[in-house]
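Read through the structures below before going on.
Heads up, the next two complexes both have chain A, just with different partners, chain B and then chain C.
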Partner chain A sequence: MFEDLKPKKINLTEWSHQFRKISDQIIKKYKYYGNQDWGIYLSPPATFMVYGARQLKRLKFDNSFAALRLWGFVFNESERLFRAKQVGKKVIATMGDLGTIPVIVMSFPDCIPFYPECIWWTPFFNESFILLDMATKLGAPEPACFSRAALAAFYKKAYFPKPDLMFASTGASCDDYSCIMQLIEGLGYNPIWIEIPFRRKSRSYFVADDYEHTKWGIDYPKRFETYLMSEYEKVWQNMVEFTDINNRNYLAKSIKNANRLRKLVENIKKLSYEAELAPFPGLELMVIEFGNLYGYADFDEWTDIIEMVYATISERVQKGEGVLNPDALPIAWVTPSPDPYLLNLVEDLGCRIVATEYVINQALVEIEEDIEPFQALARSFLNASLIGSTEQRVRRIIEGVEHGRISGVLITNMLGCSHCAMETRLIQQMLSKVPVLSIDVPAPFGITEQLKSRIAAFVETIRCARR
Partner chain B sequence: MIGYTCSYIPVELLAATGLKPYRLLHGDIGLSKDGERLLRIDACPLVKSNIAYIIKNQDKFTALVGSTGCDMARRMFDIVDELTDIPVYVLNNPRTDNPKIFNDEIDWLVKELEHLSNRKLNDDLLRLEIERWENIREQYRTLNKKRAANPSLISTSDFHKAAINYYKGDVDAQINITEKHSVNPRVYLIGSAITYGANQILELLEQELRIVGDFNCGISRFLNIEIKDKNLNGIKHAYYNQPPCIFKRPNHKFYEWTSSQLKKYTCDGIVAWTLDYCDSYEFELKRMESRFGFPILRIRSDFSFQNLSQIKTRISAFREMLCSKI
Partner chain C sequence: MVLGIDIGSCYTKGVLFDGSIKNKIVIKTFFKPRQAIEEITSQLKGFDRIAATGYGRELVTDADVIITEITAFARGATYVNSSINSIIDLGGQDSKIIKIRDGKVDRFIMNDRCAAGTGNFVEKIAQALGLRLEEFGNFALNSNKPEMIDSLCVVMAETEILSLVSEGKRLEDIVAGVCDALVRRITGLGAQIGIEEPILFCGGGALNPGLVKSMKRIFGDLIIPDIPQFIGALGAALSI
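Entry: the complex of A and B
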């Protein structure tokens, strides 16, 4: 087995050097879809730079073997999806809901869910405008969420295979992606549209609805569960028609699998955020959180990787080892950054991410296992980040600030993104007890000295405030 | 007053509370700038203006009713809720074809409005309100026929000025529009809301063109509401089945309906008016060009009208192009 070195963040060259020490036997041990012939995914991150992910040469990575598995697996996703089609698996695009519909899809044997919108990282990893320019040609305005890259990816047919079935969730979510999905349909695709209801917060003057609370303490009108349940029933029926399989026991198993991963990730976050030294870098932790959505198209292998990550982090915490300076400032990150380099940069400038709100709360909460599965899915989705009020969205961060665990908040916005435009000022106001920096994520390769200075000033402000 | 924001909110129910329904259709650069204290610069200018108007005039509103139409319009109420004591009711207006949600939400709204107003919105009261509002809409429909006639007999600019009374709940106001015949190229207006302060753009357009139909919030969309059964079910049916907003998913029916209107009104071209960062329309402009097959003049605005001369030149060029085709 490969022996992990003292934890630190390393660059591409260092990883390539380190990779040489890994035996072929170990490399062959890890494969997606359990396939020995073509499922091997371990390779030094430099391989993916050669394939086009040019940004990797500027990034720093955790030096653990677990992180190597993680990166190899994540960068292998496109190949994996094409392979899935080749070997007769069904590739299902689940757009817009970020976390729940894949649990249903995975109840059907050989059905692989994926989120086309997750391709929003690609223009940044590739330092390329190809997808964004094409999205503009296809009608998406330039000031809009970078998830518009998905539109171009559907058009180009080179980033993932043509889905066998598509679900498109819309409603009380962001307008940008709803519009992008509509344009995708306009390219000749045929998504099944799924409604996401707005989670109306209870008010003292409301009389007409009975309210329930999620496990995270978020209130919602009880009847909204039934709306979601009927939408999930629609997903199920479409999957049954598509596969000719109808076994609800598989759904219970799929929920268990999802929960296994969700618990692991929750534990990883808790360990990482509460340890005296940051045991794992913020960039990898973001990739881990987003893995909850669909396991990067091989849920079992991803869960296995996350178990290894958890073991690595546990060991580091036990030994009191970390990857950042002991005086790194604890901050919360609100809204995920499509530019991975920002996460490196913020850590390099002296911060440590100890709380996140990456608009995927619904993919982080455990799904109840002792109630009817569709109801359980509905109740878990009702924790979603973007379907309710801003206060509900950032409540956990507010609590973190109140308890002194968070010393600053960084909000990364996308120019023209509907929820960023509306929520950011309110979030700034709600978290005004600590320094809050709100920045617009620039287009690929657009992080300037000016932006770096703003982040450096933010770090300085936090330091002053703590003194 | 009871403020509201969306074409899917039944004005009859709001009026039945005894309050004056007031459509939030504010759009001027001053208010929009004020709104930027609460919202980022890339928020919709209509939302920025409306929020600033609400905050400045909060004592005038007994309650506000919104819907989940556009994301920004929905989120505006979240901010109002945080910053004021005005009761806020946001109903789920489903984007997909889901009448059950819409009908349930109307039932919810009725109960909440009854509680708010301490009035029972019973069949008799609803029938009275439906008849009252239907009667007003009928008067506007008569005017609309003149606007759509060929040649067009009244301008959309004048129609808009009159329709403001409807939107502001001034239902007893006299509707007087002087006929102004026009043989200018006939265009259909489509896009973001035409606000109370945006009449200027209509006037400018109609110096060279004649707008004979529209699908913008703020002009004639309310004419499509025709309540046959004079009861709550009739309200639900009429509002849910109105020509669908562009944000409905999928939005095929929007295209079908608009295409039929373009033919019906024998239009020569389309003017697409979009507000900055209006996702619902900006994402669709390219598709509109190919789907409708009509020449389209795009006008983008933040209500500042700083580029009025430039717009004027573009309108003239558009007219020339249409005339050469005619």
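Entry: the complex of A and C
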């Protein structure tokens, strides 16, 4: 077995060197889609530069075996989706809801959910404008957020296979991505539309309604729950029609699987963020958090990887080992960055991420297992950062600031992102007790010295405030 | 004795500090920051330590301390006047607004992507009007009815200004309008973090009397230090 070295962040060359020490036996041990011989995914991250991920040469990775598995698996997703089609699995695109519909899709044997909008990372990993330029030609120019890369990917038909079925959520989903999905529909695809109810503080609008609150303290009008359940029933019926299978027991099992992963990720975040030294880098932790959405198109293998990551982090915490300087400043990160390099950069400049609000709260909370499954899914979704008020969205960050766990907050905005446009200023006002830096994530190649200066000044400001 | 050096995009500034400013110098960077650093270090002699700031700060390889402009301006400005709550720095490549609380940086905001809020804007327009930079500010002082320049984009503003010229408007009023437009841009930036008085105005922009007049019209009383261009270099020197 590969023996983990002293934890640190390493570059591509170091990983390639380290990879040579891994035996063939180990490489062949880890496979996707139920242990098929062709499902090997362990390879040094440098392999994926061949497929165009040129930015990898700039990134630094955790040096554990668990991280190697994680990156090999994540970068392998495109191949995995095409393989799925080759072996007769059904590939189902779930777009815009960020957390619930994949749980329903996974209840149907051999159905693989995936999020095409996650391709927004591709132009950055590839350091390429191909997708963004094509999106512009197709009617989604710069004023739309980077998720417009999905439009070009659907058009080019080369980044993932044609989905067998598509679900697209609109309403309180990101406004810009709703537009992107409509443009995708215009290319001849046929999404089944799901509506997500309302955004903002609902009590001021639905005064006469009966109210409930989720296990996590979010208030909502009861009829939202009923409405969402009817939408999920629609998803279910479409899946039944498509697969000819109708077994609700599978849904309960799918919820259990989703919860297993969600609990693991919750524990990883708690361990990592509360440990004296940062046991795992922020970039990997972001990738882990987003894995909750759909397990990067193989939920079981992803859960297995996350168990290994959890074991690695636990061991590091126990030994008091970390990957960052002990004096790294604890900050919260609001809104995910499509450019992974920014997470490396912020750590290199002296910060440590100890809290996140990546607009995917609905994928992070456990789904209740002792109530009717659709009701449980609806109630878990109602925790969504996509809906509800800005205050609800950043409540945990505010709590962290008040308890002194967070010394600064970094907000990454995207030009054209409806959430950023509506919320960033409000979030800044709510977080007046600590230094807040809001930066616009530039297009590939756009990280300039000025931007680095701004982050460095933010770090100096926090240090100065703590003195 | 400490040499504080601020390598900006347009000018490189050096300050020799030993309890007070002993000497200072400013030279054009001319896109050759290494050369500018060499010139400053050869002209200002007698220092035993160096503190660097500005966009070219990383190029000062033998610096004892390197800090960002935000921290440097805050240190320099609060040294000059400890009562200030806000700093507005108008530099060649960017403009910054820094809010101070208890003598430390509380919040800051920078405009470094659009030329319309920077010293560059003034230089471009002065060039288009055939004026030397030194003349530009004095022209604005002679205006009593500044023209309204709506465009906040330097390219569009240039077109708008040329059409005002062709309409026969007074050059003094056009120049004053340009200064007002730039200050409006800074006001918009400042609204995002909330500028609080007393305000210190520094950077190369504070040497331009036309801009100072416009700034005072919008912000009321301003504190303008004797050495507005050297606040960053001074702040760097103070960081050792």
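Everything below uses one rule, namely that the second predicted complex is superposed on the first by the 457 of 467 C-alpha atoms of A that agree within 3 Å, B and C clash if a C-alpha of one lies under 4 Å from a C-alpha of the other, contacts with A are read in each partner's own complex, and residues count from 1 in each chain.
Please note the rule applied: a residue touches a chain if its C-beta (ideal position, glycine included) is under 8 Å from a C-beta of that chain, and two chains touch if they have at least 3 such contacts.
Computed from a predicted model, the values in this text were never measured in an experiment.
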Which superposed partner A:D133 touches (first chain B, second chain C, both, neither): neither
Of chain C and chain B, partner touching more chain A residues: B
Chain B versus chain C as contact partner of A:Q450, first or second or both or neither: second
Partner chain in contact with A:P141 - chain B first, chain C second, else both or neither: first
Which of chain B and chain C A:R425 touches, first, second, both or neither: both
Partner chain in contact with A:C464 - chain B first, chain C second, else both or neither: second
Which of chain B and chain C A:P435 touches, first, second, both or neither: second
Chain B versus chain C as contact partner of A:D176, first or second or both or neither: first
Overlapping contact positions on chain A, where the chain C interface meets the chain B interface: 425
Parts of chain A lying in touch with chain B, wherever the complex brings them together: 138-141, 143-144, 168, 170-176, 178-183, 185-186, 193-195, 197-198, 200-201, 203, 205-209, 223, 227, 389-391, 413, 415-426
Residue ranges of chain B touching chain A (in the complex, touch as defined): 37-40, 42-44, 47, 68, 70-72, 74-76, 78-79, 81-82, 87-88, 90, 92, 94-96, 98, 100-101, 104, 107-108, 111-112, 115-116, 247, 249-251, 277, 279-280, 282-287
Contacting residues of chain C [partner chain A, same complex]: 55, 67-71, 93-94, 104-108, 110, 112-113, 192
Complex contact set, residues of chain A against chain C: 425, 428, 435-436, 449-450, 453-454, 456-457, 460-461, 464-465
